[in-house]
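Order as written gives the chain letters A, B, C, D and E; numbering starts at 1 within each chain.
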Amino acid sequence: MVEPVLSVADLSVRIAGLHILQGVSFEVAPTGVTVLLGRNGVGKTTTLRAIVGLTPRGGEVRGSVRMGARSLLARPTHRLVRDGLGYVPEDRCVFAALTVAENLRLAERRGVTPAYDKVFALFPELERRGRQRAGSLSGGQQQMLAIGRVLLNDNRLLLVDEPTKGLAPKVVTEVAEVLERVAESVPVLLVEQNLAVVRRLATDAVVLSAGKVAWTGDAQELLLETALTKSLLGVGSAEVHS
Amino acid sequence: MTEVKSAEAPAPPAAVPDELTPGRARWHGLRPYLPLVALVVAAILPYSTLHLPGIFEGPLNSPGTLQLLAICLVFGGLAAGYDLLFGRTGMLSFGHALYFAAGVYGTDILVTKAGLPLWQAGVLTVIGGTTLAALLGAVALRTVGIAFAMVTLAFAQVGAILVARDFGGLTGGEEGLPLDVSGLPSALVGVTNTVNLYWLALAYLAIVVLVVHRVSGSPTGRVLAGLRDDERRIGVLGLDPYRFKLVAFTLAGGLASAGGVVYVLIVGGASPHITSSELTLSLLVMVVLGGPGTRWGPVLGGVLYMYLDHRLTAFGSSEAVNSLPAFLSHPLSQPLFVLGTVFILAVYFFPGGLASLRSRLAPLLTAIRRSR
Amino acid sequence: MNTVVLLTLTGLGLAALYFLVASGLSLVFGLADVLNFAHGLFLGVGAYATWWASGNLPGAGPDGFGFVLAVVFGVLAGSLVAVLVELVLIRPLYSRTIEQVLVTVGLSLAGVALLQATWGADPRPFPRPDWSRGVTSVLGAQVPNAGLLLIVAAAVVLGALLAFLRWTRYGLIIRAGVENREMVTALGIDVRKAFTLVFAIGGAAAALAGALGGVYFGTVSPGQGGSLLIFAFIVVVIGGMGSVVGSAYAAVAVGLLQQFVNYYGTSGLGDLCVVGLLAVVLLLRPQGLAGKVAHA
Amino acid sequence: ATACGSPQDTASGGGDAAPVKVGLVYSQSGPLASYGKQYIEGFKAGLDFATKGTGKVGDRTIEVSEADDAGDPAKAVSAAKDLIGKGTKIIAGSTSSGVALQVAPIAAQNKVLFISGPAATDAVTGANKYTFRSGRQSWQDVVTARSFIGDAAGKKVVVFAQDGAFGDANEAAVKAVIGGAGANVSSVRAPASATEFTPFASQIKAAKPDLLFVAWAGTTAGAMWQTLDQQGVLASTTVVTGLDIRASWPTFGAAGSKISFLSHYFDGASDTEAAKAAKAKVPGGTLDLFHPDGFAAAQMVVRAVQEGGDDVEKMVKALEGWEFEGVKGTMKIRAEDHALLQPMYQAKLSGSGTTFTATAQKSLTGDESAPPVAQMKG
Amino acid sequence: MLATRGLTWRIGEVAIVDSVYLDLAPGEFLGVIGPNGAGKTSLFNLITGLRRPTEGTVLLDGADITALPPHRRARLGLGRTFQASSVFGSLSVRENVRLAVQAHRGGSMKLWRRAAADREVAAAADAALDRVGLHHRGTAPAGTLAHGEKRKLEIALLLAGEPRVMLLDEPMAGVSAEDVPELVSVIKSLTGDSGRAVLMVEHHMDVILELADRIAVMHHGALLACDTPDTVMANATVQEAYLGEAL
């Protein structure tokens, strides 16, 4: 087996007394998209935030998270990000009062040439709307901005949290295409509820349930096994594929 | 992160009120009597001629010492009353000095200018101070968090301006208003009677502690503790948070104005110092120094703060300080410098205040005990 | 007519002073969530450092370039102290907001006492250029030059702050940080540096207010910062915490209100009106005039 | 030393050769610390002068203990009670009026002698039988101010004063003294916390007074004068105010030379024996506003001990009506209300930058500047 | 029993809750599902009065309660739990429930009575604790409880108020798998008695399916569907909006 780009071992998170993650272990392959699945509220977002060090104050994180030889826990978020861990948060979190161009400019780093060509090639919209306030963008455009600003720098791993949430089907397809192209050069750890997107992108899958890892393996395999999907992801989603 | 900051009250560090958690079994029998014992000890203190050099100027029964102690006790009571707002209900008021000042000036004016007998003046003042707190509280409590702090600060500022304006020569402006003692009971007048003032202050402190204790152990106190933890929840349980906060605010205001009545007798007059926002800030300092939401913390904090405030002037001009090099002796001779520094250090090193010392020292004590 | 002009311009002068104090306070609150009671100390440091420099610093003096040099020195000293305060006292208490506020309370007590211990309680004459003592005739009104200087300085500071916030990278970080601090770190930016910077800017603006306040009052004394601070707080709260533009509007409102009421009403009424304005604004709009966004 | 005592004990005075305890309660820190400093320097010089360098009255040493009130009456009261409790029969000091007013009743209640210091409030005069003063009072300032306009009849006089008791007292005094002499007195008041004085300057200017009397104390004085100057008030009328301590002179700036000053004291205002002695003794060799107050206080203390020993009633008798040569010249303690009649001065300020000098224009004798007799209250 | 008529809440231009019509019959259990941010919690906030709607009304037993503050609604029998547990962390578990009982019985404004001495309140509180099986934790400060226990405590607080309409906001969130069945049975036991109506938001579909008589689906603030579980699960729009898009 190839060396994983990220390995999470026995990750445990408590927030305000809630034991949200109860010993989560999985690895992210150095190529392709690893998708993190699970029902609402199982702790997918919590996992990503723990990895980038954004557990809310008062939260307690245990276990180990390593990228190569390096341990990530206890290092400040901004260092992790500078070392090549890109993070696209769940609610996009674009800066509403700033323009699109300013949102992008914020992600630039000293001494690194920002890859505007790449980003504008992926999202021509962003170039056109450079002077618009990010708060007035549509949800899909905001999502593009949130992904775009992370892509300005080279990353060793991208963490993307529900990029298609609340987006119109057409936009979902666009975002999926973008992620597909991104994944050609960078490994991605993706949280996604939309199984169509998962089917299209995912190479590996990790399924969380009740704060623990319930299943890991090949994503396409998972999606083929209806019974498994049903038991892991809930009745509804399984029915969709029956 | 994106919500409006002003709506966020900087919640005081929560602590479990003693009354509402069961004490440890070992103490169960004794504990209720400890305050009583402390009260009795404090009451007979003036009969002792014990001399504590460096701590007090004279023996315990000397008027100077008793006067200092009386002031400390009043502020212990004030801090305990303020804690009803800050530590127990979670309201950060920056205008508590106003109700204290209302007590001081109210009594002074009624006695000195209107010639009322002391007991009438005192009763009227406490009623007036309580009403004032109720009225202003009714307005200020429409806001929460920092906005509430600022509105109360603003009201207190109005009080300060009115006192400084000296309308009709009532307040004496910046010169203050000495209390006319001719109508006062003779037991409260004169240096030899300082001990009576001490007992008065002790009685005030005892009453405040009793009131705060009873109220926090009462059904209302339970609601106040709930308000501190989660105000929204209280509303959803079917209780009107506004009403309860107003009750706490009014009660604290009333206690503060009663403190003012006692203070004016001890000091023998009113001066505009007590209307300043600095006084409220120092109340906050006292409570934090002592430990918010605990029964004895604020009292200790208040006593200690006032003690330092008075004694540091003597410390500043002492030989020990003067013999230091100038860059040390100059700042050290400023009481506020020392007080501010002590406070900053306290915030750093005793986050739970004096009241937390016991629990912080507990591991140390057990370690010592074990090693024997 | 010329009374109105005079009152307006001097009121604006006062507003300018309030704004200089409030702008830093507001930025610090917006980004770092610290209600900074020690802001008056920064002001005092700026004033005393300017005063000291013009007597002791080679090249500095009360006139012309020497004066500029003295003010620059004062501003630098103010921001240096602010940075030290942030690094030594505020940063270790990161995210413990109430403790941070308490520390600044302690600092405001100790700091003023320290100034007093060092330079005494009496007001000292402030070195200032001769022209600043004069007046300029505007539409028949004799407007003090020091007031005009304050207005110009406040306008420059407002412009500079807005330009800084809008055009520079750190301005961008601060604006973004006021909105969502966490997301800024998630873009690989050390937001703590921005905190320090905001303290530095706040300290510099306060120190400038101290230095120019010295010119305006003609004297410098340890308590000056404290008395301005109450009004600055009122301005910050009315303007909406974190908003520089909001502070500017609020400062103008407070300055003019005070000036006009003091002239047409009875003495002391001006201050009462300002307090009343605060209460009314907060009761109607608890978040202040301009919500919480670092406007650029 | 554990023992039981009565809670009402106070130490007693002590025998013949025992030292005489004198307590000085004044501002060593706080906003009036520099007034306090002059006072104590003056006191030490005065004690030296009055005891001829021995520090003793007869065979009894004067034992001075000092306490800091930081300008806060509450602290002053505590200190006074402490001193009285330790058997002190003479208390002096009180830099601020607030302190003086609250310590005076304590003195009366406990029958000790109280000699108020720089506090200028008129209310100390006649406060009670045990209270004296070693400095001047506001009224004497105002009487001195009147001397600037000659015949007051029909003149228009404006008082510009800060809100509060100090302003009230000055306004009342001007109305009585100058208004009583036939002038038409009106007033402009400003909050003591004001930082911008243009509205008030405009009001004053609009009133077109023949004489403007300014009663302003505090750190904003510099700004106030500058504004009056800029708005042309100083140029258009005679402006009178009290001359503050030396350190404040430069804060008048250019306005200084346009103001007519009434003065309680400044270096060079008098050339008495006491002034020479004081000058020789005071650190720096330059006298200032409140040195005479401390000096006089010491003279009064010595007199009281000489004549009264440990008997406060005798001390009071000895001081009432006593006339003595102080730093300012002939001073007299008026028996009826304990007002201290003393010379007052008219002065001019000249110079620029940080070096100013005051020169006396005229001096008024104690009788000329005497305040009206106050009713003794207690 | 409980009804909303065109309930709408806008922030600026965005409708967070968009013209919602709901009817809840006595004894009915209505599940509410919908993607994150659909406005479920906001809907609860509007119903309980923590937020004021921009348009529309809330009716309880046919009476318009839209203008009433939260505590008045609670007194009329409207109780709720919160998505993020909101118990009084510094009070003991028993005190938490006693506070709720006391709130329900009125007469809380007693300043001098010893709260602990009120037997009736204590008895009612203990009964509620028994019911959720938290009796043994009575003296623990609520802040120190494990999450599942907090959830139970929330329900005890709710029970103490004897509400006629209960709104449960994700009661299973953060509860570990082992604890779910127990909590489900507690909730189930609530609905059995006295014609009490329940409105419950939950992401655990199996729980919803086990408990709910009807399911309402929210999406972008609007009600997509409100019908029997089977019908809802078969609804194509619902599948797309919430359950996941078919390929």
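Quick notes
Throughout what follows, a contact is a pair of C-beta atoms (placed from the backbone, for glycine too) under 8 Å apart; a residue touches a chain by one contact, two chains touch by 3 or more.
Please read these numbers as outputs of a predicted model, since none were measured by experiment.
Listing every chain that touches chain A and chain C alike gives an empty result. On a Cα centroid basis, the chain most remote from chain C in this structure is E. Note: the chain lying farthest from chain B is A, by mean C-alpha position.
Separating the CA-averaged centres of chain A and chain D is a span of 77 Å. Per-chain Cα centroids separate chain B from chain E by 42 Å. Chain B and chain D have centres, each the mean of its CA atoms, that are 35 Å apart. Mean C-alpha position of chain D lies 73 Å from that of chain E. Residues of chain E in contact with at least two other chains: 143. Contact with two or more other chains is made by residues 96 of chain A.
In chain D, the residues that touch at least two other chains are 29, 163, 191, 193.
Shown are all chain pairs that touch, namely A-C, A-E, B-C, B-D, B-E, C-D. By the touch criterion given at the top, residues 95, 169, 172-173, 175-176, 179-180, 182-191, 293-295 of chain C touch chain A in their complex.
Against chain A, in their complex, chain E makes its touches with residues 35-37, 84-85, 143-147, 150, 170, 173-174, 176-178, 180, 203-206, 209, 220, 233, 239-240, 242-247. Every residue of chain A that touches chain C in the complex is listed here, in rising order: 52, 54, 57, 76-78, 81-82, 87, 89, 93, 95-98, 102-103, 105-109, 149-150, 153.
Contact residues of chain B toward chain D in the complex are 46-51, 57-59, 61-68, 71, 161, 164-166, 169, 172-182, 189-195, 198, 267-269, 271-273, 310, 313-314, 316-317, 333-335.
The touching residues of chain B, when paired with chain C in their complex, are 1-2, 4-7, 10-13, 139, 142-144, 146-147, 150-151, 153-155, 157-158, 161, 164-165, 277, 281, 284-285, 288, 330-331, 333-341, 343-344, 347-348, 351.
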